[in-house]
Amino acid sequence: MIETLVVRPILASDYPRWLPLWDGYNAFYGRSGATALAPDITATTWGRFFDAYEPVHALVAEQGGALLGLTHYLLHRSTTAIAPSIYLQDLFTAEDARGKGVGRALIEAVYDRARAAGIPRVYWQTHETNHIAMQLYDQLAEKSGFVVYRHMIE
Amino acid sequence: MIETLVVRPILASDYPRWLPLWDGYNAFYGRSGATALAPDITATTWGRFFDAYEPVHALVAEQGGALLGLTHYLLHRSTTAIAPSIYLQDLFTAEDARGKGVGRALIEAVYDRARAAGIPRVYWQTHETNHIAMQLYDQLAEKSGFVVYRHMIE
Amino acid sequence: MIETLVVRPILASDYPRWLPLWDGYNAFYGRSGATALAPDITATTWGRFFDAYEPVHALVAEQGGALLGLTHYLLHRSTTAIAPSIYLQDLFTAEDARGKGVGRALIEAVYDRARAAGIPRVYWQTHETNHIAMQLYDQLAEKSGFVVYRHMIE
Amino acid sequence: MIETLVVRPILASDYPRWLPLWDGYNAFYGRSGATALAPDITATTWGRFFDAYEPVHALVAEQGGALLGLTHYLLHRSTTAIAPSIYLQDLFTAEDARGKGVGRALIEAVYDRARAAGIPRVYWQTHETNHIAMQLYDQLAEKSGFVVYRHMIE
């Protein structure tokens, strides 16, 4: 029997299975150990997924009762559109579940939700050295040619 | 007498002087003529600057009664912070006012507002071929190494 | 054959059937003729129903292809709760459809959506002289004992 | 020397002086002892005052270094206006500071902020038995004739 991969909105009961994915995602970007995300940020972000006033959403990919991946996305305004944009901020597949189409399924599920909500534009960022991820992204989206500058306020 | 460059929040009375800057900015990104931004988008975005419920803001750089530049920025949530981020979406200096520090003054004014509002992070995007702008950006911010993928929902 | 009364989210194609209900509702509160709501308010409110970034929602009651009623509700913060509240701002049943449970069905549909979204509190206002409506409201909600003061900024 | 009463936005350093006012306000509405507001609600609301993305604001009335009163207000959409409304949710004057114009100063400060932000409407609720407060409210606002129904979702 082959278990189907299902992408669905996160549930409060997912917390213990979501947390290792979130930790793994953060570790990939160097946020672990001494530089780990503060626990109150994780608690706040988790709460926002279930706060209907917050335009922050989470989907998980589930197969056979295991969570294999996550995506978190948020809506924000744009000056060049009447409709909001979706910023797909986080995407992660468990290490032992890679190569099975989990990332693709999660991105396509965000596209489906964008379409249903009348949102014309989904975008995300990836590091210029992340060539493995780009193999997938090049199939699903357009590399815009835009690069990101950032400044932290002291 | 040397007129001081002032960066200030946009006013309703700025509309006739803001519009040419906005059109110039859009033209720079290829949104002119047949591909111009729809007028109702401009009207909606303009209205949002003055709608206190919308987290969309505009500043203009003024000198001697002339508007020399604009910046539009918006607040949005982030999953990796409790505080929101500022996305500095638009920045433009009138062609005949370049090289006078207008862009720098606008960006620094956004930093000031971020600091006053307790917002730790300001970021923007620029095209990888925009080397002239990057000369300024490299002085004011960090080139993050992140690139932008985007997908339009048909 | 008895047609079932269905309460569902509004669709863009409902506009020509929604508008007479909205006009009827506004007329009930004295907003008709010289004191009618400005058309750009109606256009803006209509647009917000379909803007996924706006916490403003509309449901309609449909029976046999006719729209019999509407409700518009919005989410907002509260200082005495972590979750948002729902303010059910508008409720209207077509005059020739009264006494059939349309208002009740609309309110209960808002309750259902509140429950699904984890929102603990739904409230609305009615005029103290609206005894007919209160016969229904007293069955569905608690008369809080609170009265509304308002001030228009000149 | 007579110390001037100043109404100003709340500061993070106000917390130890704000908390007794907030507790006093809640106690007035029966939220004390066994029915006290949960501490995480207070912590969340406090955090929202300083979160620039949240349309929730707090002002305090200060005199001679003491906080004499508070008001918390929030912006929300309205279907009958393009601009948002201000809901002045909380207003409280310390018991030993009553009769000195603190409440009036707080309400008028909210009006000033509404005016500056282009918001045409400020409203609040009070209990129909709160005749002392109404003596003030009748001078500053219009008793609308609307009463509030509410329903808690189990």
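Chains here go by letter, A, B, C and D, matching the order in which they are written, and residues are numbered from 1 within each.
Here is the rule we go by: a contact is a pair of C-beta atoms (placed from the backbone, for glycine too) under 8 Å apart; a residue touches a chain by one contact, two chains touch by 3 or more.
All values reported here derive from a predicted model rather than from experimental measurement.
Common neighbours of chain A and chain C, by the contact definition above: there are none.
Counted as hops between touching chains, the shortest connection from chain B to chain C is 2. Taking the mean of the C-alpha atoms as each chain's centre, chain A and chain B sit 27 Å apart.
Rounded to whole angstrom, the centroid-to-centroid distance between chain A and chain D, based on C-alpha atoms, equals 38 Å.
Touching of two or more other chains is recorded for residues 55, 76-77, 82, 119 of chain A.
Chain contacts in this assembly form a single closed ring in which each chain touches exactly two others. Chain pairs that touch one another: A-B, A-C, B-D, C-D.
Those residues of chain B that touch chain A in the complex are listed here as 26, 31, 37, 40-41, 44-45, 48, 54-56, 72, 74, 76-82, 87, 89-90, 111, 114-115, 119-129, 137, 140-153. Within the complex, the chain D residues that touch chain B are 47, 50-53, 55, 75-77, 82-84, 117-119.
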